[in-house]
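Each of the next two complexes has subunit A plus one other chain: subunit B in the first, subunit C in the second.
== the complex of A and B ==
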């Protein structure tokens, strides 16, 4: 489906007449879906995947169980704030979309800006402790792209943990955008679970702007979608910023998964650590692109990036593209990439102890993921993420 | 009871076992001694079901079951345990979690109830104490950063908790100092009983000072060339393996 066919499907009458929206729509129309000619999308052919996209496979939201919402949180259904299911914390509110439109830095962000229905705003005052909130996006009944916008603003020294869950059934396009601003010394723990329907397309873009000594601790687990991309743009604008950005993607069948990160060190003494792991089975394909930019002023930057892939079948594929752009002279930056298969010696060792082959493989894959899961620690999010990994074993039928 | 008859096996078309006949009755410990390259490790791998070995003839019955037809995990469930010559490291897998998973897999296959974490840890700690092993052995990743001796002790810990009917100890004494050797031997001796038998594969006699075997067999050139009582080990220690293959 071309952009025009795609736009034809959209009920443009529902698009706001706000000039920002119309400009964003024009921007999307002009840019179109990214193709492999776009360098940032060289390994992920969104345009080709959209051409084959079958909107007819409608889902059923009723089959989706909500994660345990014993804590505060908001549920969006097909991008619309679901008041009945939501229990927002006092600092969470419905976002007035026309007021916040980030200049469309990519086609997908422009699409989000143009079409966006609802959004959620989380604003914490200086020193406020927000605890843990859930942000659940469920999809399935919409023939329209689902384009929620999240705006998070943490004042100085404020803290918050967000557990984000994206799930759905049937074929849909989910294009969420996160706009995160962290004040001096603020800390955001952002745990993301992408558990979309395997017919869906999920393209998430996360912008993080960090003040002095702010801390962003992110972990994304991606198990769903036909094609998925999580794209991060993190800017360390103040000195001594600290970023921990981990991800794990589990892919099988013909799934395509992409983790793309751009970490911009724009001030001295910043630290960034990334561990991205991909487990790829069937004829699935994984992509990791990680760029670390170190400005001339960002002396004493400490950057670390590790990217590892476990290929479980002969047709599985990974493309890995680390990039370092360093303009300061007193920095420590390292990156590494490994690609491997499961070790038959390890599998035999486990089987010789009575553990069935499939369980042995699952145990070793889980061990491979351990390091990437570090940021979630023993938080409330852990059982949710462990269950998602378990679910993937069953689907992949290792 | 283990009954091996006329067992022949190859690896990459090279004939390693050329017709092994061996019976290990319940409750007995047999030692297999022999020079390097005699086929000692191959025998233990064939019995435990490792890939890469092709059995070309003969049979192996374990309690009347055709052992060679079983998957490695089914052999473990039936009560066969291989203590590896080179225990494998499993980064990211906690030792307690690993052993508990193994114990429960075996219990499940035998139709016994699974053990919860608390009950398992209680038993594991008791075994660790009995075997004079360091307490942190359970907390570390499986064999990662373990010394050679610690790895072998970890094998014995697994054996103690899995309670096999037949243990195959593949050169478990190699690379052990005298204290570790004694701990390993104590572990095997503690398991001794009417429902436990073992094949102790070793190059040297010294392990057999601590684990006194009921029978000693000499494996050379892919065949068992001599069998005898414990005194055979002493004789080999005195005179070496030279000339045995011709015997």
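== the complex of A and C ==
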């Protein structure tokens, strides 16, 4: 059995209707799923996972409750716009799919372009305030990868908050790609909840291109999938860009979670802050790879990155690769990484105050995560994320 | 910023002043023909009158090397190396001398210029020197006083003849013949190097030192060093190098293996000052080195300290395999690159046993158009309960045409382990410069002071004799004000 068998099920006729898709398909075939031999995938072997992926394990989507849609939003089911459940905001529309795959694109981005499916476009004019919108991707009944594309364009000074939820049941492969362009002074708050089924594979790629003094404020909470990866490529193309990119992954059983970030400072006076926390239980494996790149021109850059992991069981594993790549001399860049278990003294302290062991552990883990959740602040999205953390608690039965 | 401009000017001046150790000694050399094949490997082995098992070992390594590709993952750029265009054996023609009187006077003169305490001054300095001139050890001092306490300190070819059982037992046991491309090459054609054996319970009475330089055009030098410390033994080993100036790039692929048994400790210090090439990046040594220590015994200790200022390209990752319970490894490094130099260096700490600890302190300084990369691995295996690692990597940039990179890999498979890593990159702080200036120091002296302070944590790990030389080297490489 080959990991590329699913390609036989693809309707080639529909692919060849679009001139760029065939090229993208060729690019994907040429590259194949990445392995640990790819330096960018040093700790995650997607090809091995795909080789024994059982596409036949069907889920039942009916049981999936939609998250509270008190905001405007779009629901994609297996990558197809679900008109009945969606209430798009005026600036949200269906994306016409036919992306050109540029040289250097990753295999997963090529696969996304090749298979097409629906996408959502969100375009805000200069100064427009978009408020908060939901992007829900539900999956469960697809024999081929689900490959939605999101295109976000914010004009100068425009603002928008996107709450993205990915969920599903059964075995499926979800390969979403985000293309985000922020105009001068624009601000995007991007809160992502990855709560996929535990049989699924989730590989998200987020591209952010930032203009002068633009602000990207992102938070990803990953609790689902058998193998998950959130990959960010953020380019600060204009001066004084500001990036706050946080993530938390909670893993148990045999889950494999990967958070990979590349922050490219390409203009002066930019600032980036990242806090990535991993809580790893069972025989799960967490991965963090983060690179801060500072171009020669990007003087006065302030880059900070912190990644911390809590190992809760003897078989848990964390692999981390925080990189700095710096070509400018007047910069301040630092990264830190810590790995450890829960501190027995802290547990003892709480227990001596009459708190049960399980509660004490939960309390400490929740406290450990707090810093990562900073970008969502006290926004309306918070309950959604708190509930997801609660849900993971119960699954892991700490 | 005026001070930075001045620093740059100072660097430029130094670049023009040239490499002060750049001279060449004309001595008759006995070359093997250019190129590498099984016959050359056999020739090297035959010239050294090696036993059959060692020839077989070399041939195995050579065959492994043929199947391998040179590593492409490091952040270094160089033209393809034509391995068939190199000499793999060169040795002074006269037979190995028995005492200093027999040593070629031209050679002694060269060591004189380098200030090696090879003759009686060695006694005052308290240093035993195993000087390696290209491929064959020509003189070893203090052999007798070391022999009194049972320490064996000799060239590796001598060790093969006189202590074959020890060499056979340990050679390749830490860095296997086929470990990596350059180690395989070294295993096939290694010329000479040092062998140290410290018997049980012996604290080596003096610091051991090897001083070698590359001489003669087109001879890649393939050093092989093997140090064994038996239970309770301890030794401090110093390695320093300079090389004459030349235009062609030279390949140096050394292998160093350390073995520490129960409660033994080995301290290995390096000051590396090979020819870095000229200001435009022409010439200079390619330094592709595999250094690894095995902490085999409980509570054993291995410590690597390095000051890397030379070579056009440095590819070097002194590592520790922590196999013994409670063993500890440390790595202290200063890597300074200037002009077009490239350094990709760091360490690997592999924690296999419980209660193992490791410390990594790396200071990178980039100036000119150079690129300086720290690349390190900390791996905690499932059995390494309560393992502990602390890593600190700091980079200093001088000028806006250079690059500083940090690529640590951290893999933790034990819950009770504690791993900490921190890294910073910055330039010399304006307020610190201002402070020094306001105390009446010149800008040049201030920069020197601050750079020196930046490296202090590492320099203080060096043995006294070396600390002075290290500061001198930083001065030559950076500017007149340092040290």
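The rule is simple: the second predicted complex is superposed on the first by the 383 of 398 C-alpha atoms of A that agree within 3 Å, B and C clash if a C-alpha of one lies under 4 Å from a C-alpha of the other, contacts with A are read in each partner's own complex, and residues count from 1 in each chain.
What we mean here is this: contacts are C-beta pairs under 8 Å (C-beta built on N, C-alpha and C of every residue); 3 or more make two chains touch, one makes a residue touch a chain.
Every value quoted in this text rests on a predicted model; they were computed, and no experiment measured them.
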item: Combined model on subunit A: subunit C and subunit B, fit or clash; value: fit
item: Touched partner set for A:39, first subunit B, second subunit C, both or neither; value: second
item: Subunit B versus subunit C as contact partner of A:357, first or second or both or neither; value: first
item: Angle at the Cα centre of subunit A, taken between the Cα centres of subunit B and subunit C once the superposition is applied, in steps of 10 degrees; value: 80
item: Contacts of A:333 with subunit B and subunit C, given as first, second, both or neither; value: second
item: Partner chain(s) touched by A:368 [first = subunit B, second = subunit C, both, neither]; value: first
item: Partner chain(s) touched by A:94 [first = subunit B, second = subunit C, both, neither]; value: neither
item: Partner chain(s) touched by A:349 [first = subunit B, second = subunit C, both, neither]; value: first
item: Which superposed partner A:125 touches (first subunit B, second subunit C, both, neither); value: neither
item: Larger contact residue set on subunit A - subunit B or subunit C; value: C
item: Subunit C versus subunit B - closest C-alpha approach in the superposed model, Å; value: 17
item: Residue ranges of subunit A touching subunit C (in the complex, touch as defined); value: 39, 42-43, 296, 299, 309, 311-341
item: Subunit B contact footprint on subunit A (complex, rising order); value: 343-346, 348-357, 359, 363-364, 366-371
item: Contact set on subunit B toward subunit A in their complex; value: 48-51, 71-73, 75-77, 81-82, 84, 87-88, 90-93, 98-99, 101-102, 105-106, 109, 158, 162
item: Subunit A contact footprint on subunit C (complex, rising order); value: 4, 73, 380, 382, 395, 397-427
